[in-house]
Structure formats: C-alpha cells, structure tokens
Amino acid sequence: MTATTFREARADLERHARPVRDKTCTAAEALRLVEDGHHVGIGGTLYSRTPMALVFELLRQPHRGLTLSRPLTCYEAELLLVTGAADRIVTSWMGIGLNWGLSQVLRHYVERGLAVYEEWSHLGIGLRYKAGAMGVPYLPTLTMLGSDLARMDGTRTVECPYTGQRLLAVPALHPDVALIHVHRADVYGNAQVDGYRHMDVDMARAARRVVVSAEEIVDPDVIRASPFSTMLPHFAVDAVVEAPYGCYPHECYGRYEADTEHFDTYVQAIRDHGLDGVRQYIGEHVLGHPDFAGFLGDVGAARLDRQQRRAKELMYE
Amino acid sequence: MTATTFREARADLERHARPVRDKTCTAAEALRLVEDGHHVGIGGTLYSRTPMALVFELLRQPHRGLTLSRPLTCYEAELLLVTGAADRIVTSWMGIGLNWGLSQVLRHYVERGLAVYEEWSHLGIGLRYKAGAMGVPYLPTLTMLGSDLARMDGTRTVECPYTGQRLLAVPALHPDVALIHVHRADVYGNAQVDGYRHMDVDMARAARRVVVSAEEIVDPDVIRASPFSTMLPHFAVDAVVEAPYGCYPHECYGRYEADTEHFDTYVQAIRDHGLDGVRQYIGEHVLGHPDFAGFLGDVGAARLDRQQRRAKELMYE
Amino acid sequence: MRPTPTEIMTVTASRLLDDDAVVFAGVGIPLLASALARRRQAPNLTIVLEGGIVGTHLVPGRLPISTNEMRAAFGAPMLTDITDIFLFAQRGFFDFGILGAAQVDMYGNINTSYIGTPDAPKVRLPGSGGANDIISLCNEIFIVTAHEPRRFVEQVDFITSPGHLRGANTRAESGLVFGNVSTVVTDLAVLDFDPESRRMRLRAVQHGVPVDQVREATGFELLMHEPLDELPPVDPAELTILRDLNGAAVGAA
Amino acid sequence: MRPTPTEIMTVTASRLLDDDAVVFAGVGIPLLASALARRRQAPNLTIVLEGGIVGTHLVPGRLPISTNEMRAAFGAPMLTDITDIFLFAQRGFFDFGILGAAQVDMYGNINTSYIGTPDAPKVRLPGSGGANDIISLCNEIFIVTAHEPRRFVEQVDFITSPGHLRGANTRAESGLVFGNVSTVVTDLAVLDFDPESRRMRLRAVQHGVPVDQVREATGFELLMHEPLDELPPVDPAELTILRDLNGAAVGAA
C-alpha cells in the first residue's frame, strides 16, 4: 500500500529544513525533486486546479516507475501512462469527466496488466492523506466497510476500545512529492487559494516534498493581509513556480473555467487514433514547446480570455 | 467520560431537522435547549470569542448539574460554578489568563471536592471534539501518552494494525448543547467568523444542539458572496441570536479587544471578598439586567468604542 | 412532449426528496433530480455535492458536469473541501444520498469498478468516486439507474459500493451500522428491499409499464411487494422544469 | 542595567534557537525568548503559537498575554485553528518546543496540575493547556523555569507533561517515539539529560553562579556533565531588546 511509514515520513521531515528563504525557481528546476519510482501526489481533483504546468514539465522528464495519486483522476494521468512514466494510479475515480465516457487509456493499460489502478473510495483516499498530514499511521472510519474495495486494498479493521464498534483502519499515505497549484504564493511558499481546497492541504502536509505553482507570486504583505486564506505555510513548501494559467485546460476557481472543447479534441484524437492520438497530443502540446508558456502561446490569448470571462460570470457577487 | 456515544449522537441527529428556516430568537428562547445535567460546550477559548451573551443568559436560568467543556476555560466557568449551575469542567487549562494568577474559584471548588475538573491536554480535547464531529467513536494520537492525564481520564491505548505503533485512543465528545459566537450569520444559521476558529467547528458539529450568537444578522446574499468564510452551515445550527458585542469583556477578532481592566476589577473583588466577590459581580452585571444589552448599556458606549479602536489598530493592512 | 426514459427516472427520483431535507447528490441524474425537487415540492431542500458544496443554487443551462468545478458552487452559502463534506456525511448530517450505478444486484450492491474480475477485467470502469462513501454514510440512500438485464444482476462482479451485502443483517455486521439503502428508481419501476432478507422487490411500476416488462429487464428473480402500485405519469410541468435546468449543458444526460 | 533572574533565563533560552527553524512557543517567557532570538541570531525563525498562528511578528509593548488573542496574530502569514496547529506538531513540522513548568522532576517530567494528589490536592493548578502536546509532539523540547527546590523535585506529584517518564527508554515505550526533551534552562544553569539513564544533569552554570548554589536549589541529586561550562553573561544589547519587546504589556513576565 504505502512505501513510506509515518515514522519514516516524520524522520525525513525532522531532517529537512524549509526555511523562510526565496524558493522561486522554474518548473524544470522544481521537478528535480521527483525521482524514478516516486509516489507523486497531484493536487486538485478531476479538472479543477490541476497543476498542469508541473505535470507538463514532468512529461518532459524521462521518469519510470512513478505512482500517481489523486482524489479524482483526469487525463493528466493518461498522458503519464502513455509516456511510460507512471505505472500505478492510486485514486477513487478515473476518466476525463462524465460527458467523455470511459477512459480508453486506463482500459488499455489496466485491462492488459500494464499498469495498476489501486482504487479507494473518495473519502478513503482523503483519509489516507489526512492520516499522513496528522502524523498518525491510520485513521478509523465507517466508509469502505464490507466492500470489495476494502478487500482489494488489503485494509484491516479495528475495534473501538470504548464502544466495540468495528471500523476500517485507513493507512496513512505519504507521497514522495506533491504537486499543488494555487492562486498566489509569496517567494517563501506561503500559499493561498480562492476556491475549493480539494484534498490539497492534507496531501501537501503528508508529502515528503512539496512543489507549489502559483498564478501569481505576490509580496509577503499580500499574504499577511488575509492570513486565513493561507492554505500552506512556507515550512510545508520546497519550491515555488510562477505559472499563470497553470491549470489550463483545467479550471482555476474564479480565474478561468475548464476548456471542455480542448477535452473534446483530445478525446476525438483517441477515438480516431487510439494511443497514438495521445502521443500526438503530447508531441504537439507538451514536447513541442520548451515550457508551459509555449503551450499557452499556442492556445492563444483570445481563448484564455474567453475562459477567464466564463469564470467571472460564475462569481456570485 | 462521555455520556452520549457516537451511535446515540448520530441517531439523535438523524431524527432532528434543522432546515433552511428563520431560526432567529432571543437568547432566553435559545437557551431553552439547555436542560439540567447537560454537557454544555462553550465556544471560543480563554478570553477570545467567548459567547458571553449566551453565558450570561445561562446564568439567569436555574440549572443544576451542568458539565462545561472548553479548550481553555476563563472566568465564565467560575461564574457558573459559583451559581451552582455547573459542577464539572472538562478542559485543558483554567484561569483568567497568565497575568491574573491561579483561579481561586477553581481552587475552592475542586480542592474541596465540590466540583470536578476533568483535565485533558489541549490537543486531547480538540481531538475529542474532532472525533465527535467526524462521526467516529475515537481518534488515535501520539499526545498524552505516558502522562498521568491519560491515566486519570481513563483513556485506552490502541495498536496500529499496519505498523504496530502504540497510540492513545481519544474518545469522541458530543456536547448536548454548544454555544458559539460568530461575526455574522444569516437567519438560517449559516455562520461566518473572521478570525481564529478555535475549536468551534468541531465542537458544534459534534454537539447535539447548537446555539449561535452573532455580532450581526446579515442577508443570505452576504454569506453567499464569501462562502469560504462560512464556518457552520444552517443544518448544524438550531438557533440564531443577534448579539452585538456578544463576547464583551472578552475579545472578538477584528471587532474589539478583550477589556483586561474589567478582568482586573473582577479579580480584585475576589481578592477582597472571596466567592462573595463573584456573587456581587453576577448580581451587578448579570442579574441586575434583564438581558445582555442592559449589561452593555452599563459598560457604556465610550468603553466599547475604545475596545473597538484597539482592535482596529491590530489589523495588518 | 414525451419524456425520455432518463427523464422518467429523474422525475421519479425527484419526488422522493422531502422539503427541508439535505441531499448528497452525485453529478448527472442525481443532481438533476435534486434540482427539480427544489423547484417543485422541496424549495428548502439543501443540495450537497462532494466537491465541498453546501446548498448549491445552480444556473439553468450551466449545470456542472463534475461536482468539483466552479459551476457547482454558484450561490452556495458554504464551500468546504472534499474530505470535510464526507465527514459531515459520516456524522449523519445528510438525510438522503442519491447515486447512479453501472451494475446493481439483488441486495442493492453497486459495481462501478470491473466488468469481469479484478484479475482479468473485461472492462475497467472508472471506479467508486464518492459512491461508496455516499452509500455507506448517508441516512437513506436512493439508487437511480436504467432498468436493463445487464445492469440488474443477481450478484455484482465486484462490490464497489455496499448495499445490503449478502442480505439479512450482513451490512450491519460488516460495521456499516448506519445508512439504509431503501429504494431503487428506474425508468420502469420503483423497487425496495424485503425487510427480512433485504432482497430487492418490486414496489411500483412506472405509468403504463406491465410487470412482466420489469421482470424481463431484471437479471434475477424479483420479489413482489403487496400491493403493487402504479406511479403517476410525468407531469408536463416537471418536464418543462427539467429541460430548462438541463439546457444545452448536459445534453440528454 | 542588571538583568533580573527572569531576564537571565529568557536570554539563555533565546540563544538555543537556531535561525531558519520553527519554534512552538508557549506564552510568557517562551514567547519572549523566541521573539528575542528573531532580533538576534535567528531573524528567519518562525514562531508558532497554539492559537493557530504561524509566523507571528508581534508588536513591541503589545505582546499577547494568551496565545489565542488578536495581538498574537499580528503580521502572521497564516492563521489556522488550535487543533490544526497541534496536528502540524504531531506530523513533525516543529523543530523546537519551549515551555515553562510549575514543577519539574529529575527526568524532565512537568507538573502543572496538582500540588498534592489528585484525590486530595493541596493546590489545583491551571492544568496542561498545550504543554503536554508540545512536549509530546515537537522535535526537540526546551523547558524554561526558575531554579528553586520546590520546583525541582525528585518526582513530580503528577505527570502533566511527560519528559523522560521513569528514565531510560520508558518514554519511547509509552508510545512517545518522537520528541527529545533535551534541555532545561533556569536563572542559575543549563541542564541536560544523561543519554543512558535520562536523569537530569548540570551542563553549564549561569555566569558567576557557583555549582553549589545550583545543587542547593535542586531538590534531587544532580548528575554532573564533564566538562562543566560557565555561560557568558547577558549582553546589554540582548537586555535592551528584551525590555523593548516586553514594554508595559507583560510587566515583569
């Protein structure tokens, strides 16, 4: 299940300093934290606040044997399966979204035994991160009990010492590296989001190393003016990458809506060309550019503006 | 330890509706939810965001046998001990504050066996509320292990089924009624705070019934404009009481600082007159007025304005 | 203006939702049914979504496709995070849970993981998402799905989301002491569970649907409730609201 | 400008705090020591307070009396809640914890609950607050307290906050596998613990303090570290900063 125990994760953290120092760097520099065989937690969920600029950078690197975890997994994992970087997905659901049908990439890899999909319930995976974030080796819960998910995942049950209640023990999960996108951060890594937090807080606090990409790098005084919006403190962050539109084509709450037409094109390429459609996508949109800004340049300001406008319309004010 | 088990607390909640309906009422009406023998959770901590308007109303009622719980307990509990309403305090620390020395009221009642102080560590009590809020009968933790607190509280240890790690099992705590003060709420009970949340979220979600007092009752659209500031949803709230300056003489983050001179006077009365000093305080400030507004009228606008000014100076902008 | 099978089951599900209640809705039909209920008998129904949304108001024609996107949050008085919203469910705050099913068996167990076995899957389905949690943690659970023999099987290939497990008291014995999987809503019928055996039984047929058609669409022996009711047809007003809500965003849902 | 005993131990404690570290400070002397360290050798020290404050900047003359009031939050880049801040500690984010003690014994166990027994208390003290959690969960723990025989006892009446429990490996055996209670700072000395027995031993005396004075102020047999150091005196610059920080708010602390 989990490679790093809570004691190892704590020992690692005790040895590791993440001080109040400038941590800004490029995505390529930050991604050096990822090594072959690592468990990489990808923040956000489905097509909301996915750290796409960081994922695209990860695709440029020649990694093997990665495990990916996420609450709900979208096409970013498909890309990492097809390049051969990842061969294990720990999640509760995988597809593009309700309107785009089954993930044919997932089917290809899992049904042939080329990759493993380790399935937990949504809360199950949330409590795995939470146990990790809390610094305990497990948390008790009523969910997943009796299901085949609990059986497949090799979970154990515990009995409450006060009530005798049978509970599922969900084991802590400590990603080696967590990739998180936020609305703003200062150079030290104090990071704020304006919308859903998804499971990012627990994932990052459970992880051994944390890379944050941000729509904007702001002055520390901006952070201090609204300290209750701060999702992660500097001492939970290793690297800060400036990445405007860093979730595109996924959404960033209040900034831009997901570009579902981009998904349509991607899914059509798979329908037409199978895995080669995915390879073409990666070639064109990822490897065809030196960095994420190059991809965004291709997308074009008009389309990004449109997505931004659509987001503004959904703000309740 | 806890009278209500997590199963009873859930069964109670399943039978109990708290719909999107107008829940505004007076403090006296709201406090009808409290019955003799109840466990009353008092929100805030020490002298921060104490629901003082609700506590003062509780003091006007002829209750007996109440248990009070709080993260850190200030003089509100002294008042309820002296009237004879409460005879058990569940907390991690009790006094007025560092500058005012030991609580002589606590000493009087506990050293003579007239009341019980059930002591948990700060995190211990936090996790008791959190277990209750999460709907599980216990949570595992590394704190309190080995201490006499764990022994006195009758806690049990558990072993992690994955790692063998020994952990303390902290039992869920479900207050019968939680009293919570917030900055603003709508009539349905959607409640927002602008500052420290203390342990209020978990306390309220663990409790069977919840009374919210608010500095302001606002239009639901005000709440909807900043939904991430919402601390409690309407379905976790039974009654909403409008109570401007409802924490005075304690502080309400960003609104008014604690009036430490008021504490000085109170403590001096105890030095001079022992428990009679407390009785005089209650007579003058609580029973001498029909409601909390009467008390505030006595305090006077000039003094309230001063506390408000002091709070504004501490806002980092 | 004839209702589609999807519309029939959406309307039927919506009618189960009482006013003043809190419903934890999955995206798609469950969300549509909940939104419809708010415009009909349950104006004060609170819709909760797994993205952390409490009391979403929704914009007709711009319904969300996922429960974690901006659209899902419009007008909500409270937004929190995913894990937190399921912890509300675990505490018992949510009166109803509604969810779909790729495959359901005679004990109301749901499979959204594998067609075939985990070792040799014929089809790897997307997985549980929040379905396992909704069915394990909400107070009363409604399942909404199209009535086809391939969906209604005697035993699911894999229990993603536990209904009554192997019947009788096996659900409670597993530790799932809360939550009653009470009702299955389809385009052909409404079904409940025998109080002793917890086997699925036919409670009512949709308007004009013969019992035999339900039996034929069910891949196991269906118990019969006595008496058996026939549901009223979809009201044109219900259909108008539903299509207005749906707009162009979710297509035929 | 002679330092008071309280100022001597505050300055000594402050010197233990490294730059770039995170310190979980109790209110009073621990907070003052941390604030002083930030103005001297540790400008990038992050001060965490149990109210949920990460990185408080503090206003000289308006230091907080509690760790849960507005003053404690000034200029902090992050504010969260009480339970959450202790969960950060449990995960291992906090390099240092500093706390005071009403009574401490030869294994570094702290009593802030009872003078006398729980059944027949002579004095009911305020209780743990966050002390038990800080000592159980931070990576390295410093205790700061006045050196008096009634405070330094062979065995505390009640273990509110566990040091090395009954010595040797008993702390780890209780389940407290993390956190090293390393140092006790007083107005007379700095003490540490024998690596085997975990009994307290004298490491260094304050400037000009004879060893016998430390022995006499200690209510149990004190082990001696070899060699024994003498600490440098309080620097006037340290004192100036400390008094500026203190202002009128905390009085003599």
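Letters A, B, C and D name the chains as they come in the text, with residue numbers starting at 1 for each one.
Methods note: contacts are C-beta pairs under 8 Å (C-beta built on N, C-alpha and C of every residue); 3 or more make two chains touch, one makes a residue touch a chain.
According to UniProt, the chain labels map to these proteins: A, B = CoA transferase subunit A; C, D = CoA-transferase.
Here the structure is a predicted model, which is why all the values come from computation and not from measurement.
Asks: Is the number of contacting C-beta pairs greater for A-D or for A-C?
Replies: Pair with more contacting C-beta pairs, A-D versus A-C: A-C.
Asks: Provide the C-alpha centroid distance between chain B (CoA transferase subunit A) and chain C (CoA-transferase), rounded to the nearest whole angstrom.
Replies: 39
Asks: Using Cα averages as centroids, what's the distance between chain A (CoA transferase subunit A) and chain C (CoA-transferase) in whole Å?
Replies: 29
Asks: Centroid from C-alpha atoms only, then distance chain C (CoA-transferase) to chain D (CoA-transferase), rounded to Å. What do you get?
Replies: Result: the chain centres lie 56 Å from each other.
Asks: At least two partner chains per residue is the criterion; list those residues in chain A (CoA transferase subunit A).
Replies: 7, 135-136, 141-142, 157, 165, 167, 195, 224, 227-228, 316
Asks: Among the residues of chain C (CoA-transferase), pick out those that touch two or more other chains and give their numbers.
Replies: In chain C (CoA-transferase), residues 73, 75, 79, 87, 90, 137, 177-178 touch at least two other chains, as defined above.
Asks: Please categorise the chain-chain contact pattern as a line, ring, star, complete graph or other.
Replies: Basically it's none of the tidy shapes, so other.
Asks: Tell me, which pairs of chains are in touch?
Replies: Pairwise, the chains that meet the contact rule are A-B, A-C, A-D, B-C, B-D.
Asks: Touching residues of chain D (CoA-transferase) toward chain B (CoA transferase subunit A) in the complex: what are they?
Replies: Result: residues 27-28, 50-52, 59, 62, 65-66, 68-71, 73-75, 79-83, 86-87, 89-90, 113, 118, 121-133, 136-137, 158-162, 165, 170-171, 174-178, 250-251 of chain D (CoA-transferase) touch chain B (CoA transferase subunit A).
Asks: Across the complex, what residues on chain A (CoA transferase subunit A) touch chain D (CoA-transferase)?
Replies: Spelled out, the residues of chain A (CoA transferase subunit A) in touch with chain D (CoA-transferase) are 7, 9-10, 13-14, 17, 19-21, 132-136, 186, 188, 190, 205-206, 220, 223-224, 227-228, 230, 233-236.
Asks: For the complex, which residues does chain D (CoA-transferase) have touching chain A (CoA transferase subunit A)?
Replies: 19-22, 44, 46, 54-55, 73, 75-79, 87-88, 90-93, 95, 137, 139, 177-178
Asks: Write out the stretch or stretches of chain B (CoA transferase subunit A) touching chain D (CoA-transferase) in their complex.
Replies: Going by the criterion above, the answer is residues 45-48, 71-72, 91-95, 97-99, 102-103, 106-107, 110-111, 117, 119-124, 126-127, 129-130, 141-149, 152, 157, 165-168, 195-199, 201-202, 251, 253-254, 257-258, 260, 311, 314, 316.
Asks: So in the complex, the part of chain B (CoA transferase subunit A) that touches chain A (CoA transferase subunit A) is made up of which residues?
Replies: Result: residues 1, 5-7, 135-142, 156-158, 160-163, 165, 167, 169, 171, 194-195, 224-225, 227-229, 316-317 of chain B (CoA transferase subunit A) touch chain A (CoA transferase subunit A).
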